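Paired with chain B in one complex and with chain C in the other, chain A is shared by the two complexes that follow.
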Partner chain A sequence: MNLICNLFSSIFPSLEGDGSQREREQKIDSSMRFAVLGLIKGSVFWLLVASLLGLIVSVKLISPTYLSEYAWLTYGKAYPAFWNALVYGWLFNAGLACVAWIIARLGGRPIGNSGVLIIATAAWNLAVFIGLFGIFRGDQTPYRMLEFPTYAAPFLFAAFIGIGIWILLAFKARAYRSSFASQWYALAGVFCFVWIFTVAQVMIFSLPAQGVFQSVVAAWFGGNLIGLVVAPFAFATIYYLIPKALGQHIIGYRQSGIAFWSWIFFSSAAGLASLVNGPFPAWVASVGVVASFGLFLPLSVFTMQFLTSLFASFSKIWDTVSVRYVFYGVVAFIVATVLTIIGSLREVQELTQFSQFADGVRYLFLVGFAGMAFTGMVYYILPRLLNKELPNSSLADLQFWMQGLGIFLIAVGMLSGGYAHGSLLNGSTADTIDILKATDSYLFLTALGFVIAAFGNFAYAVSFIWILLSPRTEKEKSAGLIEPAPELEYTHS
Partner chain B sequence: MNRGPFIFIGVLIIVSLSWAITLVKPIQEGGNLSPVGKGADRVPALLAGLAEQGREVYQEQGCVNCHTQQTLVIGSDLERGWGDRQSMPLDYIDQNVVFTGTNRVGPDLANVGERRTDADWHYLHFFNPQIVTPGSNMPPFTFLFEKRKIVGQSSDRALKLPAEFQDTIEEGYEYVPTRDADALVAYMLGLSQAYDIEEAPTPEKLAYK
Partner chain C sequence: MQDDQEQPHLPGVDASQASDESVLRVHAQIRRKRIEGSPIAFFTATALIIVFVFAWFYQRRYFAEYDSTSVLHDRQDIAAMEAYKNRPLEPEGPVVVDGGKVYTQQCVACHQGSGQGLAGAFPPLAGSEWVTGAPEISIKVLLAGLGGEIQVKGNTYNGAMPAFGAVLNDAEIAAVITYIRTEWDNDAGEVTADQVAAIRADIGSRGAWTAGELSEHF
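For the complex of A and B:
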C-alpha cells in the first residue's frame, strides 16, 4: 500500500507554475463558497439550538419542575432532541463542511455541481428540523440516535446521498492521482453513514427484527454513527490541519493505513459492548467488548502520530487558533477512547451501566474531540473562503477557553457523577432518591458546564456572523492576504 | 489506497462483516421465538387494550430516556425487588417497539405492575411525583390531566390530593385524568415479567453453577 503510495507520489504532476498557488486555491474556494458556507451556517445554528437544549436538559435534572408545564419540552423529549440536534445538526453540518472543503482543496481543482451541494444541504437541515419537530410533537422512537420519527428518515437519507455524491464527484475530479489520509476518512465516513443508516432503518422500522433485536441493531447503529461517521470526519480534519496550519508533517504517516483499517474494523462492532448483561445474546455483547479492546491498536497509532506531530512544533500550537482546537480535540479523543475501552469491561460496566457515565464518554468524544476539531477547521476555512482576516481574535480566544472549560466540566460532571450514581445503583440497594441526593453536586457541575459552554458557543456565533458581515479592507481585497499553506507531504515518515 | 473504489470495497466488506456476524446471525438464531402456552398461561402475558395504548403514550413522552425495562440478574436489581429473574428475549416478542432503554435516571420498570399495584398512586405520581416520592427528579406530567372548574359536586374521577398538596392547585378547580393518563396508568399496572421462563437465569441457578 505504501509502495503504491510512494510510486504515485514520485510521478506527481506538479501544478506549480500555472499561476500562483493562492490564485489557484481561490478558484477552488470560489467554486464552492456558497455551498460550504451554507453547511457552516447550518452548523452554527444547530450548535446554538443544541447548547440551549443541553442547558435545559441539565437544569431539568436538578429542578424537575423547570419548564414542566410545556408538554412538548418535557425531559423525555428535550433529552433526545438535544442529542439529535447536536449530532445531526451541529456535527454533521460542520463535519461535512470540513470534509467537502478538504476534498476539494486536496483535489487541486475547482469543483462543479455546487448546486447539488446547496440543495442537499438545505434538504439536510430541513430533515433535521422535521425530525426535531417530530420529537417535540411526540413521534419519537425509543432508540438512541434514531429518535427522529420514521417520516424524517427518507429526507435525511436523500439529503445525505446528495451531499455524499458531491463529495465523491469532488474526489473523482482530483488532479492528483494519489490520495491523503484525510481523503480516505472522508470517503469512509460517507460510505459508512449510507450503509449503517440503511441497515438501521430497514431492520428496526421497515422489516423490524423481533423484540430485543431492535435494541441490538440500535446499539450497533449508535456505536457506528460515532465511530464510523463522526470520528472519521474528525480524523480527516486533524490529518489535514496539522500539516497545513501547523506546518508540521504527520510524524509516522506511514502507519496511517494500519490506523485507518483497524479503526474501521474495531469500531464497527464496538458499540455493542453497551448490551452487556441485558436480555440480549451474551456473545453479541462480548463481541462488542472485544472490539472495543481492539481500539487500542488504532488509538496507539493516532496518539503517536498526532501527539508527536503536535509536540514537534509545540510552541506554535497556542499561536494558531485552529491548531489549538486540534490539540484540545486530540487530547479529548485519547481520553474518550481510553474511557470507551475501559468502560466496555464487564467489571466496569457492572458499576457504570445505565448511568450518565456513557453519556459523558459520548459527549467528550463527540463535542470535545469531533466538535473541537471541526471548530478549528472552520476557523481555518473561513478566512480563506471569504478572503478576510478574523475580525476579532480575542473573541476566538474567549470562545476557545469557554468551550474548553465548559466541555471539561460537563465531561467531569457526567463521568464522575455517572460513576457515583452507577456504583450505588448497581452495587447497593440504596433508595433511588438517596442516590439522586448523592449525585446532586455532579448534576450541578454538569449544568454549570453547559452554561459556560453556551457562552462559548454564543461567542462562536458572534465571531462567525462578524466575519461574514465585516467589509473587506484594502489589503483583504488583494488576493495575497493569506500565505499559501505548505504542501502536504504524502510519504514523509 | 489511492482510489475511491478500493476504500469503498474495503469499508463495505468490514461493515458488512460486522453486520452479518453481530446482527444477522443472532437474529437468525434467536429472532424467531414464539409464545409458549395459551390463554392465561401464555408466556409472555399479553397487555390489555388500554395498556397497549399506554405504550404509545410511554413512547411519545420519551419515558425510555430515564427508565429501562430490563431486569438483570447481575447487579442489585433483584435485591431491589425490581424482578425475580433475568429478563429474556422471549419477554419482548409481542412488542413492536421495545423500551429496553439505556439510562436509569429513575428505576427500572420491567415489573412495575408487580410492585406498584395501586392505580391512585400512579395518578398522583404522574400529576406531581413529589406527592408520593418526595425528592424525586421526575418531572410532573400535569398536562396529562384536565383542569376543570368545579361546578356543583366535584367529579368522582378528580384527583384526591393529600391535604398538604391542596394549596398547590387553584381553589375551585379539580384535575381529571385524560385518556392518555388512564392509558399510561393501565400500562404501568400491566408491566410485568412475573412468569417463569425456564432458561432465564435466577440467583438460585447462578449459585448452583
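For the complex of A and C:
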C-alpha cells in the first residue's frame, strides 16, 4: 500500500497551499485543458452526426423511399447508427468531459497524466467511428445498444479503460478527503460501464449464453447503459452545477446516500421490464417491473432535492446559461422516469410494446435529461478552460430554445404517437398499414422536432467553434476574467 | 437604466457562486447533521413504503404461484409430465415381433441372409423340406436344438444346431419360424405363439433332437 501511495505522490506532486484559490483553480484547469477540450470536440462532432442521422431516420418513417437508393443508409442501419452515435458518441464524450472536469476540480489538485486522457479520448472516438462504419457496412449485431460489430468492442473497451483509469487516479489524488455526490456518481458510472460492457460482450458474443438468455442479457445491458452509466454522469453534473452556479447548497442532501444506492440497486434491473410478454419466465420480467417501480424512491429524493434547490434561487435560473439547461434536464428527468415507471407495467406495455413509446421515453431521458445537463455543464466549463467569454450569448439563448422545443416535440410525437399506435393496433380491426397511416401526424411532429433540434445542435456547434477560434479581447487576456468564487453559505433548512 | 441595457440578457460567463472546497465542506456538514422533522426525510420514507408495498403485491401476483395464469400453465405442464412418467410400461395391444429381425440377430451367421446356408457345413432353409414340412419340426429344433447327421435337399450335413428355448420366448420363436417358412419362396403356413407354448410344455427340458426323432412328422 505504501508503495502505491509513493507512486501516486510521485505522479501527482502536491501543489496545494501555494497561491490563491483562483490561481489553484486555474492550475487545475490548465492541467487538463487539452484533454477535456478533446472530449468536448468529440461530443460536438458526434452530436451533429447523431442529429443528422436522427433527421434521416424520422423522415424515412414518413416517406420510406427517402434516400432508399443508398444501400448503406437503409432504415435498419440508420436507426441503430443514430442511437449508437447519440449514446457512445455524443453522451459519452460530453459526460466524460463533465465528469473528468468535476473530479479534477473537486479534487483540488492539478492532474497529471493528461496524455492518457488524450490518447484514450482519441481511441474512444476512433472506436465509435469504427463501430458506426461497421453498422453501415452491414456488420451490426442484433442487440439493442450493442449494435457495434464485435471488432469495435475491444477498442471501445480499451479506450474506456484508459479514460476510467484517469478518472480513478484523479479521484485518488484528491486533496480533500471528504467526498461529494458528484464524485460518487462519476465513479459509479465508470465502474458500471466496465462491468456491464464486459458481461454483455462475454455472455452474448465471446462465450454466448444459451438461447433466450442472450436476450435477457441484452435487455439488461440496454437498461443499464442508460441507467447506470449515462444517468450517473448527468446526476454528477447536476449535483455539481446547482451549488456552483447558483450558490445554493443541495437541500435535503442528507438523503443523497439513499438516492444513490437505491438508484444503483433498482436501475440495475429495470431494463428487464422490456421483456414483458416475451418468451421468458414470468419472474424475469416481473423483477424488471418491480425494479422500475422501485425507481420511484430515488426519483422522489432527486425531485425534492433538485427542484427545491433550483426554486430556492428561482430568479437566477433563466439568467444563468448552465442552470437553464440543468433545469430543463431535471424536468425531463422527472417526466421520463415517471414514464419509465408507468411504461413498465404489464397493462401499459400491452398497449405500447410495439410502438415508438419506449423510444420516446429513452430519447427524453437521454437527450432531454442527460444531454441538456451535459450541455449546461459544457457552457460552464468552456469559459474556464479557455479563459474566454461566450462570444454571443444570444446564440446560446437561441440554442436553448431550439433544442428545448425540438426535444419536446420529439418526445410528444413519439410518446403520444406510440400510445395512439398501440391503442389502434389492439382496439381496431383495421389493416396494419391503415393504422400506421392514421398515426402519420405524430411522425410529422417527430420529424419537425428533429429538424428544430438539429438547428439547435448546429447553433451549439457554431457557438463552440466560435469560442474556440475567436481572438482574445483585452479583458480575456487578463487572469481576472473569472471572478474568484465566494464560499458557499450554509443556512439551516 | 443605461446599465440595464448594456447588460446582455445572458452573461458571457456563468459566475461561480461557490468554491469547490466549500461545496465539499458544506455538504459533508449537511450529511453529518441530523434535522428533526425534515419533510424530505418524511417523503423519502413514504416513497420507500410505497415501493415496498407495490413490490410485495407484485411479487405475490407474478413471482410465485398465487393465482397467476402463467403458474397455472406450469401446473398443467407438471401434471402432464407426471402422467407421462406414470404411463403403463407394458403395451396394451398384442406384441408383434418382427421375425426377420430375430433371424438377422440369431440365424444369419450360419444359415446366411439368403437362407442358403453354407455348402457342407450348414444346411439351407430356403426350399428345405424340414422347414416347409410340419411346423412341429421347426419348433422342436428351435426349442431344443439338433445334432447328428441330417439329409437336406439331398445333401448330408453333420453339425450341431444350438437350442434357442432359453434365449427366445414363444412369440419370438413363432415369429422367426413364420419368417423362415414364408421367406425365400417358401410358402408354408404361419406358426403361432400358442403352438410353440404347447410344444414347449410337451417336450419339457431335453437335449438336442436327432434327425431320426423328427422324421416321424413326415
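Brief remarks follow.
Just so it is clear, the second predicted complex is superposed on the first by the 462 of 493 C-alpha atoms of A that agree within 3 Å, B and C clash if a C-alpha of one lies under 4 Å from a C-alpha of the other, contacts with A are read in each partner's own complex, and residues count from 1 in each chain.
Here is the rule we use: a contact is a pair of C-beta atoms (placed from the backbone, for glycine too) under 8 Å apart; a residue touches a chain by one contact, two chains touch by 3 or more.
A quick note: this is a predicted structure, and the numbers were derived from the prediction, not measured.
Annotation: superposed three-chain arrangement on chain A; chain B versus chain C shows no clash, the two fitting side by side. By the document's definition of touching, of the two partners only chain B reaches A:Val199; chain C does not.
In the superposed three-chain model, the partner touching more residues of chain A is B, compared with the other of chain B and chain C. Using the contact criterion defined above for the overlaid structures, shared-chain residue A:Gln353 touches chain B, although it does not reach chain C.
Contacts of A:Ala453 after superposition: neither chain B nor chain C is touched. By the touch criterion defined above, A:Leu96 lies against neither chain B nor chain C after alignment on the C-alpha atoms of chain A.
In the superposition on chain A, A:Gln21 makes contact with chain C only, while chain B stays out of contact range. Contact with both chain B and chain C is seen for A:Gly257 once the two complexes are overlaid on the shared chain.
Legend: residue contacts after superposition of the two complexes on their common chain; A:Ser178 is shown touching both chain B and chain C. By the document's definition of touching, of the two partners only chain B reaches A:Gly427; chain C does not. Once the two complexes are overlaid on the shared chain, A:Asp397 sits against chain C while remaining clear of chain B. Chain centres taken from Cα atoms put the angle at chain A, between chain B and chain C, at 30 degrees to the nearest 10. Once you line the two complexes up on chain A, you'll see the smallest CA to CA distance from chain B to chain C is 6 Å. Put simply, chain A uses residues 178-179, 257, 283 to touch chain B in one complex and chain C in the other.
Remark: chain B residues 1-4, 7-8, 10-12, 14-19, 21-23, 26-27, 29-33, 59-66, 68, 70, 72-76, 79-80, 86-89, 91-107, 129, 133-143 touch chain A in the complex.
Of all the residues in chain C, the ones that touch chain A in their complex are 8-31, 33-35, 38, 40-41, 43-44, 46-48, 50-51, 54-55, 58-59, 62-63, 68, 70-71. On chain A, the positions that touch chain B within their shared complex are 1, 4-5, 8, 60-65, 68-69, 71, 74-77, 79-80, 135, 138-142, 144, 147, 168, 171-172, 177-179, 184, 187-188, 191-192, 195-196, 199, 203, 208-217, 220, 224, 228, 257, 261, 264-265, 268-269, 272, 274, 277-281, 283-284, 287-288, 350, 353-356, 358-359, 425-429, 432-433, 436-437. Looking at the complex, you find that chain A touches chain C at residues 21, 25, 105-106, 108, 176, 178-181, 240, 243-258, 282-283, 286, 289-290, 293-294, 296-297, 299-301, 304-305, 308, 319-323, 379-380, 383, 389-391, 393-394, 396-397, 481-490, 492.
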